[in-house]
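Given below, in the form of structure tokens, are the structures.
The two complexes that follow have chain A in common; it is paired with chain B in the first and with chain C in the second.
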Partner chain A sequence: MNEVKETSETNNVLVEVKDLKVQFDVRDGIIKAVDGATFDIVRGRTLGVIGESGCGKSVTARAILRMVPRPGKVVGGEILYHRRIQSNGSEMTDIVRINDLDPDGTEIRKIRGGEIGMIFQEPMSSLTPVYTAGSHINEAVGLHRLMPIRKVGAQMTETIQAHRQVTKEEAREIAIEMLYRVGLPKPEERVDSYPHQLSGGQRQRVMIAIALSCQPKMLIADEPTTALDVSIEAQILDIMRDLQETVDMAIMFITHNLGVVAEMAQDMVVMYMGKVVEKASALEIFYEPQHPYTRALLKSIPHVGKKSQERLFTITGMVPDPFNLPPGCVFHPRCPEYMPGKCDRIVPSWTQVGEDHWTRCLLYEEV
Partner chain B sequence: MTTDKSSETPSTGSGQAPSTGSGQAPERDKKQLSQSYWALVWWRFKRNRMGIGGMIIVLISLICGTLFAEFFTPYLVNQQSDYIEARPQWPHFIDPDGKFHLRPFVYGLNEEIDMTLHIRVYTVDTSKQYPIHFLVRGVPYKLLGLIPMDTHIFGPDPDDPEAHVYIFGTDGLGRDIFSRIVYGARLSLLLGLIGQALTLIFGATLGAISGYYGGGMDMFIMRTTEFLQAFPREPILLALASIIPDNWDPMWIYFGLTIVLAFVYWGGLARQVRGLVLSIREREFVLAAQSFGASDRRLLFRHLIPNAMSNIIVNATMMIPAMIQSEAFLGFLGLGLRPPLTSWGVLMNEVSSVRAIRYFPWLLIPIPFILISLLGFNMLGDGLRDALDPYSGR
Partner chain C sequence: MAEDMQTDNILLDVKGLKKYFPIHKGLLRRVTGYVKAVDNISFFVREGETLGLVGESGCGKTTASRTIIRLYEPTAGSIHFKTGLFSPDGKPQMVNLRELDKTQMKAIRREMSMIFQDPVGSLNPRMSVFDIISEPLVIHNQSTGPEAEETVVQLLERVGLRPEHMRRYPHEFSGGQRQRIGIARALALHPRLVFCDEPVSALDVSIQAQTLNLLQDLQADFGQAYVFVAHDLSVVQHISDRVAVMYVGKIAEMAGSDTLYNNPLHPYTEALMSAVPKPDPKYESERIIMPGDVADPSNPPPGCYFHPRCRYAQEICKQEEPEFRELKPDHFVACHRADELQLRGV
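Up next is the complex of A and B:
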């Protein structure tokens, strides 16, 4: 299943999502939560994923960790995780097909937290109320740093590296160090605080500390600042950017806040009704949006200096019923550039419209 | 926050702003910040008088009965005497001459035979006075089964072979009722505790598994509990208790009965834990823990069950009296523990005849003790229920 090859200089991809399809088989029918998501997450860069609520952003993120909530199922496509391994001086890339892993197996548990960390939208409830901040961090550390690391040698033999148990004092020091790095004031005291003694921003910092404590290669941030106020949001974003620079980590930043994503992301993916409708660099998305949905989204951001009499632009219509998706392009009933006879019949395909700029719209297709 | 130690309150506000603690000693600050869940629970619990009362009753009955029964009784549990079904010798301070004695004493008893009823009758002989000695040398025993001792908290004068103190009277074999009540507490309370521990282990684990995995497992476990609960509790207890063979070793009968009680009671707890797990499972911290690579077992035992623990503990505390009561009930019908073991159920069995109630009413004295200890457990459980949810009141 795993494919090991020599790392090429140009290939910096960390996670490859190819035509991912996730379905929820519920009583009233099948919901296609993710229907053909394709994008790459590049080492050390931030990928912003935007889209309105219920468009499949979070499900995609959870599929990467093999944590799709029941009764959801990955029914198509693949997720490839490129793991770099040092062996005999040369760097090899081990490609793990995440969607083939057992969701409760040791392999995926090693990736979860150890190689891909995740932080959540709701910091108030993401920490177990009965444990202190320090014990949360130590749990994550204990799960990964102490797990015997399997080394794949040149002879393909697995040697298990013996690990010394971290003492209590060392574990505490690791926890304090992590809390210090996420900018929590007085970390040596906060390490003994219970979640109810921390504010929302502090809890989110603790969450980031937990996620970073195992030095993951990638951090999935699922709307990490949605529940926080603006000043705390700015602080958290600063911390995430600073830490990203120091530890060279990729971030998959999920949000519906275009301002935040402009600040954070280098690459961007726009999702609508489970489909990735546009993928480009952040600059191109903001300056040369191609898909009508992206354009509409950008137009609906309030601007400072806009005349107050003018009404804010809104996308007409409603998000379609997930059981009853419109035929053809799912966006056509709301699209300002709707082409009758075309958009309601033909499903647009993934088209390249510029250098590394892809979209899913019939405007750019020869049909 | 004042410096007075008694006004120590959990600091809810100081968690928000780190600057509040700036002017205080770091030692103090740290103590406030690390108010653990249990510290909050204790802080709330100790304001609840009922709960504290219940806790004191429970602690007294556990310490006196379960741990140090030998020390707190004047006689050993099966120590027989020539005084058969003797009436209680109430302690007195004032003798027939009206003289006050600082040391309480009991009057001697004279044995007579009532020829019309053909029973033994004891009359109080005020000429014989036996002072009650405290911390007195008596029958040797081993404290906790380990330390050899012969000191009892009270007893008759050790140098007078005639002296005897039966403050609650004696039973048909001449054994001291008071001693037997205290000894009975050992097996009865332990039965409640062990039975509840078994219930807790099976009920909580099965309930958590049922709620966490759902599907066929859930179906099977829940239908099993429903099947068990479909039977009225007393008949199923009787039926199961009567399965235990009579000729077993008494200790095996004891454990058999514990298992029977746990078997009958685990369903309620399992259902409750399942419900809790179903709701906690959807909370984000479970997802978060999963995203750090926690295994199913770790999620279940480190994240789900600890968060359901407060409810589990309350449920368990409230169920202990039910178990003790069931033991007494089964004992009364002769299906519970059997002599030579001594439990409250056995004591109840001894009083289960009209003859006993008519002529030896002091055999009923264990009943208030049983009731008080049941009440104690219930009060403790109520107090815990209020205290174990310290975040609710704000």
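Up next is the complex of A and C:
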């Protein structure tokens, strides 16, 4: 099932998502939550995923962790995890097809939380209320450090420690150290506090500490700062970036906040109704957006510091009913560039419009 | 004369407003302390303008607006509201809301309404859209039957919904549409002041823009004033004429929105502005990180509440509480060092 090959110098891809399709078969019909998502997550870089609620960004993230909630099912495409391993002194890449793994099997449990960490939006519900902050971290560290699967990173030094078992005391120390690194005041005391004793910002920092305590190769952050105030948000974004630099971690950053994504991401993916409509570097998305949806999204936000008496640009209409998607391009009923006779008939294909800049729009196709 | 003109223009004048919530402890539920949710704030709202109220969660933005409308009973202070309801000749005059009895307060609520953050929780799922929007009309004996129906149809059309939506129930609508229903209900009696408590923070970007435009259009049509409570600073700047920044139950600074964003006088405003993420990947942020956490409103630090996190704090800041004063015309600030500091705007 797994394919092992020698690591090539040029290939820095960590997770490859190819034409991913996820469907939810519910009473009223089938919802195509993700319908053909293609993108790569590169080692040490941040991929920003933006889109409105219901566009499939969270489902995509959960598919990578093999955590799509029932009745959702991956019905097409593949997710390839490029795991680097040391064998006979040379570095090899082991390609794991995540979508073939048993969702409760040992393999995915090593990856989930260990090699790929995660932070979700609501800090309170993702922490168990009856454990103290310290034991949450202990648990994650204990779970993933005891498994002899770790540490095949760029840094050779880490490899030595990788197979070392960590005792309870050591795990606690790591917990305190991580809490200190995420900027929680008085970590020695806070390690023994319960989630309800912490503020929302502190809880989210504990979640980040948990996710990072296993030194994952990749972090999936699903709206990690949405519920927080700007000042706390700023702190958390800084912490994530600092830690990313020190451990060379990739981040998949899911958000609907364009300001946050501009600060965090180097690569970007824009999703609309389960489809990736545009993929490019963050610079190109913000300065040369090609898809009408991306352009409209960028124009519809107020810019701080630039007060204008003008009204905001709006995208007309509403997100369509997922059971009754419009034919052709799903965005055509709301699109300012709608071409009658074309957009409502032909489904646009994934087209290259620049170096590593892809979009799904008939404006860039010969039809 | 000029001063008269200005006071004539004022719709709501809040002075020294306090709202303390008691903390009960022990078997006898003795009061052991107070959470000073709103602690001596003074501000005013002019007719037809939008005052933005910003600050971190727990700073008292929502409590302040609920205390003014007397959903919470104020602990101290005065709330003067201009209304013609109680003057014999119908001429508008300033009335202290704290001195009104229950019936008078009910009458005055016709002139003040509220739009809530959560478009799901603030609409009764068992009531049809018609019932929800016509309820204020019925309570205030404005209209019933076919007449009410006509008003509801007009309101629905005005907020961008269709008349046939009247017979449906809240769960049949999307978040943005529900917020429109909430707006229609708030405007049913043509209030002169509307408290908008985080009205767009639960909405998606494209729907947020639609809702903000709608609120502005409705203001242009009906001339009501808004108190716009939100934590998204770019949204607040977009919609507000003036902005007040709150920190731990107090107003730190209040000024015209451009002035406040570009030439802040309070270090807290400066730090808050620097933290706003800019939608521009080329922008190099120079964030001012505020050390520590927001002060505890039940046990605030002495002196200026912001001093433990302030990078300009001096001895005086630890001892004396700064006065909220008008340092420049229409620019109020509570900081000892406001006139000497050169602070950075957005």
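One rule holds in what follows: the second predicted complex is superposed on the first by the 341 of 367 C-alpha atoms of A that agree within 3 Å, B and C clash if a C-alpha of one lies under 4 Å from a C-alpha of the other, contacts with A are read in each partner's own complex, and residues count from 1 in each chain.
To be clear about the criterion, a contact is a pair of C-beta atoms (placed from the backbone, for glycine too) under 8 Å apart; a residue touches a chain by one contact, two chains touch by 3 or more.
From a predicted model like this one, the values you see are computed outputs, not experimental measurements.
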{"item": "When chain B and chain C are modelled together on chain A, clash or fit", "value": "fit"}
{"item": "Touched partner set for A:R190, first chain B, second chain C, both or neither", "value": "first"}
{"item": "First, second, both or neither for A:S90, with chain B first and chain C second", "value": "neither"}
{"item": "First, second, both or neither for A:Q215, with chain B first and chain C second", "value": "neither"}
{"item": "Contacts of A:N11 with chain B and chain C, given as first, second, both or neither", "value": "neither"}
{"item": "Chain B versus chain C as contact partner of A:P302, first or second or both or neither", "value": "second"}
{"item": "Chain A as apex of chain B and chain C, Cα-centre angle in degrees (nearest 10)", "value": "80"}
{"item": "Partner chain(s) touched by A:L198 [first = chain B, second = chain C, both, neither]", "value": "first"}
{"item": "Partner chain(s) touched by A:S349 [first = chain B, second = chain C, both, neither]", "value": "neither"}
{"item": "Touching partner for A:A234 - first (chain B), second (chain C), both, neither", "value": "second"}
{"item": "Least C-alpha distance (whole Å) that remains between chain C and chain B when both complexes are overlaid", "value": "6"}
{"item": "Chain C-contacting residues of chain A that also contact chain B", "value": "185, 199, 202"}
{"item": "Touching residues (chain side chain A, partner chain C) in the complex", "value": "52-53, 185, 199-202, 229-235, 237-238, 256-263, 265, 282-283, 286, 296-298, 300-305, 307-308, 311-315, 318-319"}
{"item": "Parts of chain B lying in touch with chain A, wherever the complex brings them together", "value": "11-12, 14-16, 18, 21, 26, 29-30, 33-37, 214, 283-285, 287-296, 298, 302-303, 306-307, 309, 391"}
{"item": "Residues of chain A that touch chain B when the two form their complex", "value": "65, 67, 70, 104, 109-114, 117-122, 125-132, 139-140, 143-144, 185-186, 189-190, 192-194, 196-199, 202, 207, 210-211, 214, 220"}
{"item": "Complex contacts: residues of chain C adjacent to chain A", "value": "56-57, 174-177, 204-210, 212-213, 216, 231, 233-235, 237-238, 257-258, 261-262, 271-283, 285, 287, 289-290, 292-294, 345-346"}
